[in-house]
């Protein structure tokens, strides 16, 4: 990897030059050898395109009276400091009513000229090869049938840049949101954070209560993923809560697994829960058991358990795939209360229609954070809430400002709106 | 030793994370060159990750066969089919077809893998139908709304539905394009915030489950 | 046991049979109902239609045999359209188990349209890493795929002339069955390398891609078998998708009837138990 | 027709029917097909990985083109595999640290740009649209996704669903109304997803049945019909044998 320190300095200097004194090149008219009636483009400025890798240059020139679809602009380029425009190569041609600064995607903080000016960015590729660090002469010509008015050539050297200023809003947002998350986690470590009660958790208690009344077991599934997946971790945390209740009510708990590692972790959690409920003697190691890792064989086996043991309540927490429907349908046919919680959005519709209660997406994490009170989990949740709140405000304020802008025909709302655009 | 085992990995994550987040904002050729190299590296590492992912299967089934656990015969089938496919694949230089002519590896692919995998998911069609009859109930107002929207979309997306109720096409178009899009957008924003938060926690070493284990 | 309860408890294998017949009969005796074209599918079609001859069209077949019935017809139609417009076709896949299928469909359509490998089209094959492949292609196409599927070096292939990376691609379409798929092509591809992007996907994925469609991040979306049927109608070449539409209609209707029956019985049961 | 195609048709049909036999109930034929499937696809992945990674991405560039820098990813990959050597397993952490670090770093700005900024940009639109001939006005057309009415609906949808997933605020008062709206929007989107998923699953079935119908052709020797009979016969025999031990579904 070659690092060009020199290039870095020059590019910064050049950038400053562009920012500080726009339009420094000499503006002059250039008369073509042939007699023309078309006046050459005025106020031509050329500079290294800021915020790029050094393979393009940008031209700015003033609009003219003849700007229309019939007239064409040509971009002329040559290496070195050619003075004879006839020797310059035509590298682009387009109708004269196109390529205004306002059409470009530049946000206000990098826009090099007023919106009514013409703008053209000449890039590497398609027959043009711009080398960074090489000096070029470039100019614009206006063409109408045989008439040609050629502007004064300007010198320009493309340079690589170290920062893409067009994306600076992205960076600011990343830093802001990163700061919020870290702050929220820090806060959760020292203070108690309010989390609203997730209604699904009440349903959990209710279901366990009913199972006790009926004297039937409870079935709990932790999903298809292993312990490295956040949804499985959440499922394991909620299992702790369920196990505590089943211990207290002395109800049988069945937890069939698809992953041996997850089973080992869940055994620990269940044991701990029975201990905390003061019923360690009731704990059975084989309430957590491994079936198989094959998707459909596992499903068939669990369906078999549902039909034979007729659990009063089925819990489906964690990540699920196509097997979800096969499980919940069988569960529904046995008349069990079914409670699901998953972030697998493609299976959510099926859970909602076949289960009595469903924790949707992030609700699963929230439920787990609510139960575990673990600072990193709670803090992340709070951080995300703040982030969502900010976005909500931006949406509402932005719509209001955009409407106001349309009503008044004003440009100033863009000062706000551009910040929340992806402008590259 | 603790330093080598714990701290160094966290340091690697911190540095690589920050460098590659910053790379996005730096258009300089040096930074681009770095991205070029590292994405190529990730491709190669991705290959190793695949091997790692499937190798746990080797292990699980080897144990089953050795201990003659229930259903070890199926594990044996799995092993034989895997080794057979590998042998045939290497014999055919890993190509399913040479100039349009099928190799024996291509035969295994076309007549075993494609129908097996395709059918695995086709059976779900039947289960959806049975669930539609036995358990897609409007238990609550929410579930009722869901089912009505589902019925409209199901009608509007097939020629017969549009033929019977011409309005259903436009209505399902509107549901998908406006109502559905707005919800998906909110979910997308929420999930993205979650992804960014998780990435930040990983970079700053607050989330370390990836170091602990678990298969790919 | 009351009637509604007994009806709900019937053996589900009877329902399986009903669905099997609803699929089988229309396939054997097709009706051929007209297919309306949606603006999503038209977006992709119109864009390809507007491309000048020799433009670079990248088709990424990101699916495996499990999604073959939906995405295979889409790829056939898209390839036929691209070849008919004489675009330079660069095909590839990010899903390892789809490699053989992708090779087959590209070779088959190219042969049918009289196109030459290496000159009019190339199949790059598969490479591991998912999103890393997209990014590496964006930086350097020849680094990501030093050789094509047949092992020929990609550098110097006439079809790839003037293409250094994804920035030189005019139009890319990802036919995605999951991740990596259409979204990955936007986030790790178009976001930086600025080519135009279209999407094709399975029915399961389609609703999730509408936000990207609305914001113009993808300029069109071919959703599932229905989308494929629309595309077949647009290019005027009937294929498996149009043939499947009658069966699709019949099964949808069957499901709707089943859902309605289910709820009728459910509510009658509820009323009875409330009395 | 070449003999391998005919044999292929028989094998493919047989395996398809074995898997469909799961509809009757979980049985040995299905289990056989399922394990065969896992074995073949793992084998396939290994062969493809070997061919692509070892041959084309590692061996050729390093040995033929002398790109020695590629030894770095190879060694990182090797570190990953140390996981199977208990004593050196901790070395695999270096590899995972690198991959996860790079992945997280790459994700942050790209996710913000694609899924946050782009999505905000498209949601924030003026509520009044320029209509040619009428000037600035509020458009009511539901079918035009860019109409003013739809802009408002989308804004309400996005905001209320975002609010529904707020966990540090109690849903009371106005919040309750917004959250209820959010859940209704969510349910409609789930309904759309439901409809589309049904469509997808049915398409898969249609695809498989199309193939089976193709294989009823005489040129293949009608494998679909023969094997269907055979599969049913096997299932009947098996259920007879197991009938002394009745089992539900």
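Every chain is named by a letter (A, B, C and D) in the order it is written, and numbering of its residues begins at 1.
Simple rule for what comes next: a contact is a pair of C-beta atoms (placed from the backbone, for glycine too) under 8 Å apart; a residue touches a chain by one contact, two chains touch by 3 or more.
Small disclaimer: the values here were computed from a predicted structure and weren't measured.
Q: When all chain pairs are ranked by how many C-beta pairs they have in contact, which pair ranks first?
A: The chain pair with the largest number of C-beta contacts is B-D.
Q: Please identify which chain has its centre, taken as the mean of its CA atoms, farthest from the centre of chain A.
A: C
Q: How many angstrom lie between the centres of chain A and chain C, each centre taken as the mean Cα position?
A: 24
Q: Taking each chain's centre as its mean C-alpha position, how far apart are chain A and chain D in Å?
A: So the centre of chain A lies 20 Å away from the centre of chain D.
Q: Please work out the Cα centroid separation of chain C and chain D, and write it as a whole number of Å.
A: 12
Q: Can you list every residue of chain D that touches 2 or more other chains, as numbers and ranges?
A: 22-23, 31, 34-35, 38, 41, 44-45, 48-49, 52-53, 57, 106, 108-116, 118-123, 145, 155, 158-159, 162, 165, 186-187, 189-194, 196-199, 201-202, 204-205, 207-208
Q: Two or more other chains in contact with one residue: find those residues in chain C.
A: 16, 19-20, 23, 66-69, 96-97, 99, 127-128, 135, 191-192, 204, 206-208, 211, 214, 226, 248, 251-252, 255
Q: At which residue positions does chain B touch at least two other chains?
A: In chain B, 21, 24-25, 32, 37, 40, 42-45, 47, 49-50, 95, 109-110, 113-118, 120-122, 124-126, 128, 130, 132, 134-137, 142-143, 146-147, 150-151, 154, 157-158, 173, 176-177, 180-181, 184-185, 187-191, 193, 196, 198, 200, 210, 213 touch at least two other chains.
Q: List the residues on chain D that touch chain A in their complex, please.
A: It comes out as residues 22, 25-26, 30-31, 34-35, 38, 108-109, 112-114, 116-118, 120-121, 123-130, 136, 151, 155, 158-159, 162-163, 165-171, 186-187, 190-191, 193-194, 197, 247-249.
Q: Would you pull the chain A residues touching chain D in the complex into a rising list?
A: 167, 169-171, 173-174, 177-178, 193-196, 198, 294, 296-297, 300-301, 303-304, 307-308, 345-346, 348-350, 352-353, 360-363, 366, 369-370, 381-382, 385, 388-389, 391-392, 394-396, 398-399, 402-403, 405-407, 417, 420-422, 424
Q: Tell me, which parts of chain A touch chain B in their complex?
A: Result: residues 1-4, 7-8, 51-54, 132, 160-164, 167-168, 170-171, 174, 177-178, 181-182, 185, 226-230, 233, 260-261, 293, 296, 322, 325-326, 328-329, 332-333, 345, 349-350, 352-354, 356, 361-362, 376, 380, 383-384, 387-388, 391 of chain A touch chain B.
Q: Residue numbers of chain B touching chain C in their complex, please.
A: The touching residues are 32, 35-36, 39-40, 42-47, 49-50, 95-98, 100, 106, 109-110, 113-118, 120-122, 125-126, 128-130, 132-138, 147, 150-151, 154-155, 157-163, 169, 173, 176-177, 180-181, 184-185, 188.
Q: If you look only at chain A, which of its residues touch chain C in the complex?
A: Residues of chain A touching chain C: 125-126, 333, 345-346, 422, 424.
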